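Paired with chain B in one complex and with chain C in the other, chain A is shared by the two complexes that follow.
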Partner chain A sequence: MPEQSDKSNPPEKELGLAPDPSPEEEPRIGVYVCNCGGNIGDVVNCKQVAEALRNIPNVVTSHSNMFMCSDPGQKLITDDIKEKGINRVVIGACSIFLHEQTFRQAVERAGLNPYLYYHVGLREQDSWVHYNHPEDATEKAIRLMLAGVAKARKMEPLEPVRLQAEKHALVIGGGVAGLRTALDIARSGLKVTLVEKSHFLGGRVAQWERVFPTGETARTLLQRLLEQVQAEPDITIHTGAKVVKTKGYVGNFQIHIRQQPRGIKADFDAVDQAIAACPVEIPDEFNYGLKTRKAIYQPYSGCYPAGPVVDWEHCTHCEKCLEFSHNHDINLDDTPIEFDINVGAVAVATGFRPYEPFPGEMGYGKFPEVITLPQLERLLAADGPTGGKLEWNGRSVRSLAMIHCVGSRQVDDVHQPQPDGQVNNYCSRVCCTATLNAANIIHERLPETRIYDVYTDIRTYGRGHEDYYTLASKNGVTFLRYFVEDIPEVYPAEKGSYYSMLVKVKDQLTWGEEIELPVDLVVLAVGMMPNPVDDLIGLFNITPGNDRFLLEVHPKLSPVETSVVGIVLAGTAQGPMNIQESCTAAAAAASKVVVLLGRGQVEMEPYVAQIDIERCQGNGDCVRVCPQEDAIKLETFSKNGTSFQRAVVTPANCNGCGVCVSTCSHRAIDVLGWRLDDYEAMVDAITAEIPVLEGVPA
Partner chain B sequence: MKSDKIHVDTLVVGGGIAGMQASLDLANQGHQVALVEHSPSIGGMMIGLSKVFPTLDCCSCITTPKMAATAHHENIQLLTYCEVQSVTRNDDGFSVQVIQKPRYVIEDNCTGCRSCELVCPLDLPDVENEFGRTAHRVIYVPFTTAVPQKAIIDIDSCIFCGKCIKACPADCIDFTQTPQTLRVEARTIILATGFKVTPYDAKKEYGAGNLRNVIDAMMMERLLAPTGPYGRVLRPSDGKLPDSIAYVQCAGSRDETLGVPYCSRVCCMYAIKQAMLISGALPMADVTIYYMDIRTFGKGYEQFYQNAKAMGIEFVKGKVGRIVEDEDQNPIVRVELIDDNSRVAENKHDLVVLSVGMLPGYDTQPIYDVATAKDGFVQIPDSNVAPTVTTQEGIFATGTATGPMDIVDSIITAGAVAAEASAYMHLHSGSPAAPAAD
Partner chain C sequence: MAEGELPMATSTNNNRPKILILGTLSGGYRGADSVGQEHLEYPPNTYILPVMSAAIFPETFYMRAFERGFDGIIVMFSGTDCPYKGAPERTAEIINKTYELMKERKLDLNRLRLAAICTVCVRPFIEEVHKMEQLLDEIGKLPHPLPP
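So, the complex of A and B:
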């Protein structure tokens, strides 16, 4: 076994022989062909494949089975290992993304090194793509399996690279999902650092009025969560902070953070005067532009951390606020600080932003009477711009229309795409119940107000959500249904009309009748879009899906894990969710982090570059092409009094990409587990005449 | 080997997907877990399904590896064919009395070789797994992928001919077995007691179970499953390949007359999924879905729905009022077509599938004193922030025990409940939840 060292244990500088890659024991190969419940078996004749492999040199046994991944299927393998002395396992089945771990565990349980199993992707690479050509697919399956056997002959036992793991996690985002993740990780005994790019915690929930299905105000919910987070000594919070650089891998990420200063001391006592003195007026994002704020501001009273901050982007340095500042309470020359932390895992809880309708979309931006649902929530909130009164142009709203699916369930050629050319073809799942919740609140406060609900499908799917629908119906909300081909039109009524706006709906509930709704206010139930996180996508090498939300590995097998081990997703960064779903997903993400780091040690794949130091000439091509930091470098060795340079790999930093292999003109580098010889043998096996192949020596 | 007294960190009740995932997440954090399952195999409702939305993965390919991982985990002890009898609180948590029901087969010795099945002379309808559409012997391994692979005897039907005794190579048949009592000491309990479907014969307007070609969606899952009774979709009355199949949505959800006012949230997606699978299995067949609202709200679900529409599956808005049958037992669906000038239509189909909803699988009140809400599912007082915390300290709930949800959401809540239970144990003992580095 080649010794693999981690960073704390650098390779010794003495010249040794490269280990012999050829296995000492005679390969005894077990071949297993999975029907995959018809996924493979309906196209590929698995029995025939198993038969064809039976007489190949080194193949001791060959089976086909309905589900190799099931317990009886696994038992077939473990029994063969124990009873028939199988020492190499080749399984033709789904993809390694689905069940590599499953079969590794089975093989290991039977006492074999888990890397002595090879997985042939008969589903994705054969049956699914050639479903119209069963005979050819069967032949291809045989060839792929032959290649697997050729590889199996050359497989060697490997050990995972084991590394010390920081028992410390980073949570990015201070909304409910981030807070919940931080809390759950810390409560299980790990340290947590939470960074939030704004200066205040609470995210979007802080802007909401009353939440379903509990009916409590969003503020009390948030307060409860914040108190728990503050009481947790193992959570460190940095607001106004962003991740700007990252390095490392699971167990040991080095995170560089830049934190904007607040500019104002927490105990500053002349806040109101300073704010009043500030001459800057900009739209207040906390109130979705329904009012303005100054360049010194706090989003709402009772926010956490308490006290105002300087908006550095908009501050003109006029220094009018400094009149009220004693003891340097306000410091307009404050500068960002930068620092590093080391963490073992990262939870991305960067949240969502409401869909912003295009100018003129259903009258938005063109007529002040057209607002979004989040804006309506601000109008309903006691600390909102109207003090919770639903007023428009100085009088109570007498009639309003709420239009669903604005920015959700969009269709190409009907809706205007986002800058990336894609429409939002997904359901935002929160808006239906949120809209009905708001409708019921309005009815409670203004029972005389006429409410029209213009929908496509009412999706009150969650526990207790249907009650909101039922209540809205009882409250006299009028429902109209539109099809996406006939988007409702919003336009002003004639001057002097009793209601200023009209909404024209082709209503499917009255068999396609065109109905004009006279209203004071139009509320667009806008959907969710992910907060832009291109920087984090680049820094962590994680992937967004077609809907731009961050992508999990598999919705059932790894529902909160990204393709980068050690980076997990929490909440609406992954897709639309309500508060309950965000907290659930956050707790699940925390659970995975605790699993990863709880032992203080992580295991990584052994597929790292290995230098044949006899062949290496030390010309450094590999060092120049390596895309990783500190994965491969030249070190000086000496033998018989002469000193020379040779390449040395740090396994912990190598991701096994193989670029160094392709560039080495002396064939002195191989990736463990995937040697060039392996590929050659596999290619030979795939292209060989099948009958002739039986004569090929092992 | 089970001892009479088992000490664990967490007792998980229910071996469906939520219970298995919660057990795995806790065990992977280093906690000791006992998993109690009332039926002879773990796997729950999920193992009976065909393919799963929205990925259309074969369901067994997702479930069976989880079952195997659960069974082989060094920190998980499986207690199948067991039921919790009583729970008492003590200083360290809970003392739980568990009854091990007799299999009449010595579990530790049975290898699942199925020699007994070959010689047993009696067949019984397989009601548990196949709605009586196939048979199993009186002594049988519950199903091909069951975990554990241990035989069980339906003692009420056994004629005690003794053939299995002679055939068994491991000498593990024991007709004298009686229920055994085990005691499990656990610091926390997780309820993953799952759901059952609304009975398909509950609604008299839909034939009250008397129409042979009206089946429910769970039966259709078996017809579509690769391990199913016929290996293809046949209609029950005459074994004909159906040319026209209809789905009746909300047949047991959003229906006050059945006492189920809530949405069961999985039925839209499973109906669309089944419609797609039928379109694959019977390319010439027409599939119609009668619905009130299509609720494809999950990640990737709306696109799934749009794909189904593009495949030619017909979606008709309207609540089906009545189903009758003609002389050839073809179901006739009476429905008001809202999309089509309010015409009342009577549409003849070959086969009708009722998209039945979810009911609580188990009442947690009597034994656990865990309150249930008016819908019968476990009550979650702070459902937004603490979605797995019940009214009883130290007892948590996950999966469909807390309300209708699909597999994706069950797996997520299972991860969440593991975090909640782990945090609780950490807070209440001071000892680290996870073991130190070795």
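So, the complex of A and C:
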């Protein structure tokens, strides 16, 4: 039988049909019913529950106690283990998510395997929901505790799966979240490889002007972070690189990376001439299409890594740039390189992209006067297309409308869905404050410019964010409120009008009055969408949520972990966040990686599939249905000179999803700790008739 | 008394239909905790068992639970938000297979429901339980033993 910690097995081996290595021992069960002060005890007659369980087979002792989580409560358990030989513990108390670890540790302190304890939720799932039916709640508690005892009889000691771990992490994404994650991991003594698919680091932040809530310029902030990353010897950076193949599991992921060449030497000294010679003109994505760039380009002066690159997708190989290349400074025949690294964990920090309005949505793409908030940010940036001057059609903007919630908080049948058929029904969280921040910057530079803020709700939720709203109000920004059923209309004013555009708003602040706003410019405060990462989702078996952002295991209790142990999320790959929140998430992701790999060994919960090799017929159904790569495989065994195949689980690759369990018609697979037999026994216990114990005082 | 044997006696609500809820730790089980934290009531003849993933249960498990005395079963998983790739699809597939078995035994298919319940899906949780409760009030308990 394969041991849990086995990572591989020889191709053929002699099958010793040994039973479970753990010695069979008579279950001696201790039952403990917590009153939780009065939280449970005021509704459930805990003494009656304890009494009802007292004479059940294998139950050696049964108590009710005021606070099982208190020191005396825990001592009761540890004393019973030591003195009465209790070898299984069933506790009825508050939520399993609150005190499971507390009781596991208590059990372990007394020398018992921590997995020989079962927790029954009697507070959230009984007393707090059946307080008007105390007798029924008591009966329910008895039945649930009986089910716990039924499970306890079948529990077996389990050991965490322990694996050697590479003290090396991969960070995917070179934006603020990725940089912060890499820095925090490296500073804890682990090696980091950072891959960024573009040729430059900095992500979206590099495109912004002044950021809230500190008012710093984004470039200053980024520069500081980049300098720290560059100074860290344990961080290796690969730009123009992406992960193309993965294998392995937590502690030992084998990552295959493909890196595009830059095509130009870093010390090439005729950059401007080469760029000028290039005849290609394409929309400049760094400036959101507000200007064009060449097929040799660098996004901005001072970018990192410094120096231009060849845009291989658009380069026509006309070789005009080569006229300025003297020492093979430009190599248009450069080819991608591929290499492998081994890492113990992966942080996914792939970031977001701004929502792209559909052609014609509020006039976007139809009228040049309609732009998005990220485009406005570029207009405000000192190195933007207008040098930081808010000009449009060659003159200063005199009046503009900023419309919130474009591409966020969308509603079915009102908004056009994305290609996957879904609208963006989530709030992008950042755009309200970002819009007000931009409004305040505009007011500061052009105090005479009239600013209309057209919103559905203002959500300035973060510390200091409300100040932006207050300041905008003081600055004379005019607020109008629309409801989603009446989306503002954007259309051109009559020819010859003083302002070129009109925005019609059914303003709820004036009880639905229709107001026409004459403006030079309309700014759509677009929401966030995740960068497309279908390739990584497939490569790492991670899961996107309904909103297409990558999904954590639990939003509160495991907020940066994915369902694949060793893969964590950092920043806006997971959902809309501002820079502050991205860095917080990045720090959390980094600390998870450091805790996981810091000791050079990883420990995982033992809830993985296990094959009963005597029942297994080797038909391979489980291998076919397993959604995880390399979690189950068929291996050849021999007995008495006859070879045959049996399924073997690689615990490190198994996440305990249980798909194989329901597939095996021979019931040869179970998930350790969650066996099908356990559930059948629990069902039997709940549905059995139980004794009525009258006269037990509560 | 032999192992696994339970004391026989009359209980207080043995005559009420019993509802089994299989709640995933990433979905329905936490959802049930959220309901409790809001102190919202639902009928006490509901028994929630925590499961890592509902995909472990084959169709025979559900039929057995009906045979043993449950009158309704709700599988509360986290649907498309399930952290286990492939598990929700497999669970749905098994439920459909179970419906076939239930048809053969002439059981009302509404006795088994698959519901996507998230960790904070308080109202949907309550609605699912009430729907099942209402159904069982209308169609009654299952006869035991079940018709062949």
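Here, the second predicted complex is superposed on the first by the 451 of 698 C-alpha atoms of A that agree within 3 Å, B and C clash if a C-alpha of one lies under 4 Å from a C-alpha of the other, contacts with A are read in each partner's own complex, and residues count from 1 in each chain.
Just so we're on the same page, contacts are C-beta pairs under 8 Å (C-beta built on N, C-alpha and C of every residue); 3 or more make two chains touch, one makes a residue touch a chain.
Note that the structure is predicted; figures quoted are calculated from it, not measured.
Peer 1: Report for A:D333: first if it touches chain B alone, second if chain C alone, otherwise both or neither.
Peer 2: A:D333: touches no partner chain.
Peer 1: For A:P213, is the partner it touches chain B (first), chain C (second), both, or none of the two (neither)?
Peer 2: Only chain B is touched by A:P213; chain C is not.
Peer 1: On the A-aligned overlay, A:Q580 touches which partner chain: chain B = first, chain C = second, or both, or neither?
Peer 2: first
Peer 1: In the overlaid three-chain picture, which partner chain does A:C69 touch, first (chain B) or second (chain C), both, or neither?
Peer 2: So A:C69 only meets chain B here.
Peer 1: Considering only touches as defined above, state whether A:H465 meets chain B (first), chain C (second), both or neither.
Peer 2: The answer is first: A:H465 touches chain B but not chain C.
Peer 1: Go through the superposed model and pick first if A:Y679 touches only chain B, second if only chain C, both, or neither.
Peer 2: Touch partner of A:Y679: chain C, not chain B.
Peer 1: Figure out whether A:A588 sits in contact with chain B (first) or chain C (second), or with both, or with neither.
Peer 2: After superposing on A, A:A588 lies in contact with chain B but is clear of chain C.
Peer 1: May I ask you to name which of chain B and chain C touches more residues of chain A?
Peer 2: Touched residues of chain A are more numerous for B.
Peer 1: Of the two partner chains, chain B (first) and chain C (second), which one does A:H554 touch, if any: first, second, both, or neither?
Peer 2: A:H554: touches chain B and chain C.
Peer 1: Of the two partner chains, chain B (first) and chain C (second), which one does A:D413 touch, if any: first, second, both, or neither?
Peer 2: In the superposed model, A:D413 contacts neither chain B nor chain C.
Peer 1: Between chain B and chain C, which residues of chain A are contacted by each of them?
Peer 2: Shared contact residues on chain A (touching chain B in one complex, chain C in the other): 554-556.
Peer 1: Applying the document's contact rule, which stretches of chain B touch chain A when the two form their complex?
Peer 2: By the definition above, chain B touches chain A via 25, 28-30, 52, 54-55, 57-62, 64-65, 67-69, 71-72, 112, 144-149, 225-227, 254, 261-263, 265, 293-303, 306, 317, 338-342, 375, 377, 382-388, 402-404, 407-409, 411-420, 422-423, 426-427, 432-438.
Peer 1: Give the list of chain A residues in touch with chain C in this complex.
Peer 2: So the residues of chain A touching chain C come out as 55-58, 95-97, 121, 123-126, 128-133, 135-137, 139-140, 143-144, 146-147, 150, 153, 541, 543, 545-546, 551, 553-556, 562-563, 607, 625, 627-628, 655-659, 661-663, 670-671, 674, 676, 679-692.
Peer 1: For a test of understanding, state which residues of chain A touch chain B in their complex under the given definition.
Peer 2: Chain A reaches chain B through residues 35-39, 41, 66-67, 69-75, 94, 98-99, 102, 105-106, 109, 164, 176, 180, 183-184, 187-189, 211, 213-214, 216, 221, 224-225, 409, 425-427, 429, 457-467, 470, 508-509, 511-512, 547, 549, 554-557, 559-560, 574-576, 579-581, 583-592, 594-595, 598-601.
Peer 1: If you look only at chain C, which of its residues touch chain A in the complex?
Peer 2: Going by the criterion above, the answer is residues 1-14, 18, 20, 26, 29-30, 32-33, 35-37, 39-42, 44-58, 61, 64-65, 68-70, 80-87, 90, 94, 119.
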